[in-house]
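What follows is a set of structures for review.
First subunit A sits with subunit B, and in the next complex the same chain sits with subunit C.
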Partner chain A sequence: MISVGKIKQYTNVLDKPLAKGKQEVSLSAFSFLFSELVQYSQTQVDNIAELERRLEDAGYTVGARVLELLCHREKGNRRETRLLGILSFVHSTVWKVLFGKVADSLEKGTEHEDEYMISEKELLVNRFISIPKDMGTFNCGAFVAGIVRGVLDSAGFPAVVTAHFVPVEGQQRPRTTILIKFAEEVLRREARLG
Partner chain B sequence: MATTTTGTAAAAIYSLYIINKSGGLIYYKEYGGVGGTGRMRMDTNDSLRVASLWHSMHAISQQLSPTPSCSGIDLLLADSFDLHCFQSLTGTKFFVVCEPGTPNMESLLKVIYELYTDYVLKNPFYEMEMPIRCELFDINLSVAVQKDRVALLGR
Partner chain C sequence: MQFFGGSDVSPSPPATTAAGHNANMMYMFNRNGVCLFYREWNRPLHTLNPQQDHKLMFGLLFSLKSLTAKMDPTSGDKGNLGMPQLPGQGCSFHCFRTNTYKLSFMESPSGIKIILVTHPKTGDLREATKYIYNLYVEYVVKNPMYAPGTPIRCDLFTTNLDQYVRSIS
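Showing the complex of A and B:
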């Protein structure tokens, strides 16, 4: 249920405080809406790669807006300009606002310099979703990957972001890893900044 | 409380059925492993037959009932089993066949209904009225049934 707290009425919109406090939306309502989004997207595509792309695009616009909003609300109209800064902004601030918690982990890829991973034991959007066997490695986390891409891209860190299932030892369910591969220019700029 | 569940220990639930509003079996799960009772395993045809039979009986009972606005049979008591049925508002029926006198079945059915609404209806890859093939539903269902068994053993 959308939490209906007492909302103070302000006569002037400018008197309203920026911080919104804790506002939560019903998980069920969100899940049904997300489920419809996936179902609708499915009717518009021919293959799984396209479905993934559609979900990602839907997330991208969310990400771009979220960045705008959070920079304003949480950061006093400043945004991160450094790689690690923006990554931890995504990992903590963005995650907390969207999913009510900080992401489980943020790691640097071991094989490639330009890869970072945000892992989540159970991604909120995947809470009620079972992927049919015939869809292979498809992950509805593509939507979240899109959000991350939207945030990074709008902040000037173009990257390719994908969502993957990664099996965890001793666990029945795989976790979801959001893999971020930054564009070359980002790393070059980062190196220049030192 | 510390009893371990062995094959012969209380396997109170025999089987679980979920049927859609037109009487088609969309989920069937057998909880076997009771040694010594000599219960036959059901084949697919039998379970489909039981499902549609129950659907019809349920519908007929609604019409034959002397009380107005009867919602159908909730409980069927037989010598060798009890059958508890729960019908959701949309006409999906959940029923369990269990050992005679097994308590708590109504609440278990409610729990199963809740799992159905969560892990089946919120799953974008599930098609309404079609057989349920959702991994998360299976996982959480077996947890719920296991919990119910442990609760029984603890009594």
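Showing the complex of A and C:
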């Protein structure tokens, strides 16, 4: 009889160690899946604003889960309580895990106190997508905006997050900016914490 | 049959750069004969209106493919001339050349045909057409705003295509 190595059988699924998983995913596979997500959403809505909202909602659920996963894996179950802390977490850790690199820049808005911007030369999800002229300012980066909103919301920093194209002179493709506008209570809490 | 591209009076090659081959124009058809894409960079003479032009081009290639497959001395089984062929069947012709231009052709297994009309001194363009097909897959097929079977209107595809063609000219 061939002896088979004993695999430790866990009776309770909660006792199994969390797998690190494969670190690489095929870009083509993701592009096709995302393309199909956008096309499916297009059939369900009547206008651009609703389409963006649907993509954002899809991203929101991803963001909530990503926060749980990354808090466990990367940060040793520590919780962010400060505004700058959570922003740099999103800007570097979340971006690194999702897109393979940190975001290009994180800036504080000059006009309003509660606005912050994460910019990227070209969002990974938008790499193969060209928007026809008649769709105006529609941006598939709404999905990424939803992810950021999900992370912030689940961490206790409610915010309104949107994705915008910002034209840059000298470059044909506009840059993408994720605009984060925090709710009142976040700023008040931040002021209280000093 | 009307051959087009370049002037009829005296075949004067277009202004050549170091490599000596310049793309004149490009067509893309799908397997139903719909012209997905047409782009011209250097076409001094227009003889037909665009619809007739596309139909003629598609018909030409369809017949040429059929003819070359039937005349193949190496393959055994040949159907009747005129029977439509599947994309992989028969030998595949890849270019013809006249004194004023060279037409290169590539057909993908999904029936997408890419035609490049260039200067007659151009070398083998099979790699170029393969690369263009790759560009098509990346920037058109993966674009959720594009409905397959309709003419291509994607900026990314056109920009990258222009860049690539300029780089090989």
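Criterion: the second predicted complex is superposed on the first by the 173 of 194 C-alpha atoms of A that agree within 3 Å, B and C clash if a C-alpha of one lies under 4 Å from a C-alpha of the other, contacts with A are read in each partner's own complex, and residues count from 1 in each chain.
Throughout what follows, a contact is a pair of C-beta atoms (placed from the backbone, for glycine too) under 8 Å apart; a residue touches a chain by one contact, two chains touch by 3 or more.
It should be emphasised that the depicted structure is a prediction, and the values quoted were computed from it without experimental measurement.
Q: Let's test your reading of the overlay: on subunit A, do subunit B and subunit C clash or fit side by side?
A: After superposition on subunit A, which the two structures share, subunit B runs into subunit C.
Q: I'd like to know which partner A:Ala29 touches here: subunit B for first, subunit C for second, both or neither.
A: Neither subunit B nor subunit C is touched by A:Ala29.
Q: Tell me the contact category for A:Gln39 with respect to subunit B and subunit C: first, second, both or neither.
A: A:Gln39: touches subunit B and subunit C.
Q: Go through the superposed model and pick first if A:Val168 touches only subunit B, second if only subunit C, both, or neither.
A: neither
Q: Can you give me the overlap between the subunit B contact set and the subunit C contact set on subunit A?
A: Overlap of subunit B and subunit C footprints on subunit A: residues 28, 31-32, 34-39, 42, 128-132, 135, 140, 172.
Q: Under the definition above, what is the set of subunit B residues touching subunit A in their complex?
A: 118-119, 122-125, 133-137, 139
Q: Note which residues of subunit A are touching subunit C in the complex, please.
A: Those residues of subunit A that touch subunit C are 28, 31-32, 34-39, 42, 128-132, 135, 140, 172.
Q: Can you list the subunit C residues touching subunit A in their complex?
A: The touching residues are 138-139, 142-145, 153-157, 159.
Q: Can you tell me which positions in subunit A touch subunit B when the two form their complex?
A: 28, 31-32, 34-39, 42, 128-132, 135, 140, 172-173
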